[in-house]
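Following this message is one structure expressed as structure tokens.
As written, the chain order gives the labels A, B, C, D and E, with residue 1 at the start of each chain.
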Amino acid sequence: MSWLSRLFSKWLPKESSNWQWFYRLGSPRWFYQRSGQWLPWVSLAALLVLATGLVWGLAFAPEDARQGNSFRIIYIHVPAAFLAQSGYFIMAIAGAIGLIWKMKISYMVMKAAAPIGAALTFIALFTGAVWGKPTWGAYWVWDARITSMLILLFLYAGVMALQYAYHSVDAASKASAILALVGTVNIPIINKSVDWWYTLHQPATIKLTSAPSMHMDMFMPLLVMIVGFYLFYAVALILHTRNEILRRERKTSWVRELATAKAGS
Amino acid sequence: MSQAPLLSVENLAFERDDSCLFSGVNFSVDPGDVLQIEGANGSGKTTLLRMLTGSLQPSAGNISYLGQALSACRYDYLSDMLYIGHQPAVKLNLSAEENLRWMVATSAQSNDVSVKDALTQVGLAGYTDLPCYALSAGQHRRVALARLLISEARLWYLDEPFTSIDKQGVAFLQSCLQQHVAKGGAVILSTHQDLSLTGLRRYKLVSDVEAIA
Amino acid sequence: MSQAPLLSVENLAFERDDSCLFSGVNFSVDPGDVLQIEGANGSGKTTLLRMLTGSLQPSAGNISYLGQALSACRYDYLSDMLYIGHQPAVKLNLSAEENLRWMVATSAQSNDVSVKDALTQVGLAGYTDLPCYALSAGQHRRVALARLLISEARLWYLDEPFTSIDKQGVAFLQSCLQQHVAKGGAVILSTHQDLSLTGLRRYKLVSDVEAIA
Amino acid sequence: MTSHVARKMDSGFAAWLRRDLLLAYRRRGEVASPVIFFIMVSTLIPLGLTPEAAELEKVAAGMIWVMALLATLLSMDALFASDYQDGSLEQMLITPQLLPLPILGKVTAHWLTTGLPLTLVSPVLGLMMSLPNAGYVPLVCSLALGTACLSLVGAVGAALTVSLRKGGLLLSLLVMPLYMPVIIFGTATVSYAVDGLNWLPPLAILGAMFAASVALCPLAAAGALRVTASN
Amino acid sequence: MTSHVARKMDSGFAAWLRRDLLLAYRRRGEVASPVIFFIMVSTLIPLGLTPEAAELEKVAAGMIWVMALLATLLSMDALFASDYQDGSLEQMLITPQLLPLPILGKVTAHWLTTGLPLTLVSPVLGLMMSLPNAGYVPLVCSLALGTACLSLVGAVGAALTVSLRKGGLLLSLLVMPLYMPVIIFGTATVSYAVDGLNWLPPLAILGAMFAASVALCPLAAAGALRVTASN
């Protein structure tokens, strides 16, 4: 991979002060301290937005004409599905940054992103399945998007399995970064091919949604929930990353100081 | 080239998972040198040799070849180097001859000693057609060592080359090394045995773990 | 038992695919003996040792334990025997301690040296929790050799036990063998190194292939 | 003496079982893999065939069984391979213990780490392939017994091919014919249940096969190892 | 100098290709095994499902493709494993050649010894599963291209798991999702043909995938090997 990093390092003159923040971000210690300052605010925002969205969606949005109240699962289901997909790209980008600029912190972000993304994927699948029972009369249907989502779960599982499989932190990070990158190249191909497969076999007997015709009163809380999920995702990612930083840097002096300070106070 | 050494190592250090294995390793090797890396089990000899071959990245320090950093002359350096490690890269299902032919084909440079001759010289004359899993431990390693007779590389890195080799074989191998350095090559090897080579230099590797203890 | 030797070997021969590797091997071993099997690479040392452990069947000749044929006292013989071969039976994914515990659990007899003590004695004190693939070549073999400290078997068969072991380790291992024979055990080992053990006997194995050539 | 032998017998079984479970635990990722493999292949099938529930329902039980069989088969050649390479198998052959016991220990560990998880996860696959409700209990029962048979029979194949270095596919060749009765009665158990028939008879036959395998396979594997590993 | 590099580039590819083919030839039994595996599993399917031709016809193409995929997957982890164990892989990493070339050589050998025989034998299976006449040519074409993609993508997975000792199932986990587009377009090629549609478009997509894999997979595998094997 060294040719790759050599290629890209040309873009980033090392001494340039414009990029100092970038290299400082690369320092786990700096990230840990800074994120400690951000965290309360982001958490608060996430909480507020999520609460607003939930109350709005569950209590005030109008009932669906055909599905009744069961449609309200959408306020969890769609944001989770959304984030699950973005999460994979976030993970892969973090991995790529690690490979190219050899930045420790981005490997940690990548490692932290995998289980969060997998959990969101699982939530999307699970809520979808629960929703499917009243709507389609079955927990599981081989719909195109559902299938893509399942494959996404497998991709996450692969990255996580590879992380755990290696004893050496360095090898685990690099190997799973490569896998995540290969996965990103494939996600569009997978999604397209699954769509294609589905329309081939099933000329639209199951219409999943009536999204365009969705009423504004239903749609606005959904939007709020999506924003809330993004914020929540950020909180979870920061927390997981901080955890990972402490774990990997436990032998450094600043973490030791931190621990003694905690114990002292 | 105002006499830059063939290989020189400056302040080399190696860390694995945040613990330092060794640091401050300095030596240089000129044509005609045999350098024996000594040290207790686990002191990092294999690690050092693999770092020289470029398989592992040093966490600090420089390795230079004819005065240039390795990254600047990767192709030339790798073409001029031969490494035989603990695992001798001998395929069990192929015969000794097939193994050697393949090794020669993938390596950068080779002289005109024929594969059959080389195998005869290392004492495998009657065994060239057997699959290698039917060879004894020592014969198995001899297949890999036969590469030395064919190689034109100047730098040889040998990790415990005398393992499983009988006394006659050890003597032969030493004469082989002697010839190589006489022709202007250099050898860096690790072994726990005492060698009787003229011009032998030793480097004692002390791992940081031991040094503290 | 009118002083039948601990192990005796009469006229042993081994053939593989109709060609005779060696024949007419005779020796006997009493408590207190260390027998070093010598011979060139490929002369059949490993084959002979594996025959003694019962893994390979001799094509002619007898092996007897305390005067009885092996087939008549299989359980007792196997319980009284310990073999460490070229492949040291160390699982790469387990730690040194787990490996040793398992070896002790499956072997017939063991004394009360604790596993931890044994590992400390062979110099692996700081490495007991690492998976064995993270050990160096010599440390890897030391894990297997730690069995010697725990075993109560009287007959030890060691195939090149000094491979990859550093000088200090070789000295320690020799003292270990010395203690074992002092307690009434016996050792048959193959190695190409010269040993400095009191009461050492040598047996030179010449394979029939060489003898003809 | 006999009690001594008995103690050793036990330790032969228990020591190997414990070790193999520990190894599996060290490689947790790997333990989950047969299950994930199983689920993944089950998504391949609709992709290769059709997403229609009505069609899938027909093939559900058969496919789940075929995939369970393949997942077991895939993990089978690892049973003795690494032990052969690192010399542990040679040590096993020269212990005074009765050889079938360590083998049974290893096979038990294998089943606990492959067959059992497969069995436990099979209802989820049934759901994904729209298996009718009546089929779930028979599916789980037949898989539990059947995968145990597969592990036992597979051990004989693994023993026969161990010294051949990378015998994965040859192994399949050897044991696949022996696996056929298992799959026939396994799928029959489920399809009887789905059709509303009494599914206990085919299950009982699986039980009988299991009993016979427990008795015979470790012996056969022991014999095979003595021949192949000491070569 | 450049011609020297070119010669060496070639020998990097050719030497490894020749060696792997020779190794395969030495183990002839093994080379036949993916094919025999393929045939055997295809006989399992009627056992597990139904012997009726009308039913089998519908699943034929899908099943043949699923089995070809599994047979490739099964043989994939052997690609680098034995080279890793005996030190050949380390030698490969320190040759001055461009690493993707020896890898491409090895993958080519792998395809010639698994994908190609599978492709050649597939019409027989089609016959056994009553595949309609129009399906044979597309089946063979799609398998030829598709199995090559599978070998190439599989090589990346094999490189990622090589130092993990027995990564067979983990490997499946990593590459199976990446295999899904291949199976979709592969089966589509056949089913288009059977339905009387123009089957060239899906085949062309497979071709594009193949081209992309040839360009990218050896690079990714090389990167992966540098990370994993030197550990």
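What to note about this one:
Note that a residue touches a chain if its C-beta (ideal position, glycine included) is under 8 Å from a C-beta of that chain, and two chains touch if they have at least 3 such contacts.
All of these numbers come straight from a predicted model, not from anything done at the bench.
The chain with its Cα centre farthest from the Cα centre of chain A is C. As for how the two copies chain B and chain C face one another, over half of their interface residue numbers coincide.
Compared on C-beta pairs in contact, A-D and A-E come out with A-E as the pair having more. Each chain's centre was taken as the mean of its CA atoms, and the one lying most distant from chain D is B.
Between chain A and chain C, the centres computed from C-alpha atoms are 57 Å apart. Rounded to whole angstrom, the centroid-to-centroid distance between chain A and chain D, based on C-alpha atoms, equals 37 Å. Averaging Cα coordinates per chain places chain C and chain E 45 Å apart.
Centre to centre, using the average C-alpha position, chain A and chain E are separated by 32 Å.
Among all residues of chain C, those that touch two or more other chains are 86, 92-93, 131, 133.
Annotation for chain E: residues touching 2 or more other chains are 27, 82, 85, 164-165, 167, 170, 173, 176-177, 180, 184. The residues of chain A that reach two or more other chains are 151, 154, 157, 161-162, 165, 168, 170, 194, 197, listed in rising order.
Of all residues in chain E, those touching chain B in their complex are 5, 8, 11-12, 14-16, 18-19, 22-23, 26-27, 82, 85-88, 90-97, 102, 230. The touching residues of chain B, when paired with chain C in their complex, are 39-42, 44-46, 86, 123, 126-127, 135-139, 142, 160, 163-170, 192-193, 209.
Of all the residues in chain C, the ones that touch chain D in their complex are 50, 53-56, 74-76, 78-79, 81, 83, 85-94, 98, 102-103, 105-108, 131. Of all residues in chain D, only 27, 29-30, 33-34, 36-37, 40-41, 43-45, 47-50, 55, 58-59, 61-63, 65-66, 69-70, 74-75, 78, 81-82, 85, 165-170, 172-173, 176-177, 179-180, 183-184, 187 touch chain E in the complex they form.
Put simply, chain A touches chain B in their complex at residues 2, 168-170, 251-252.
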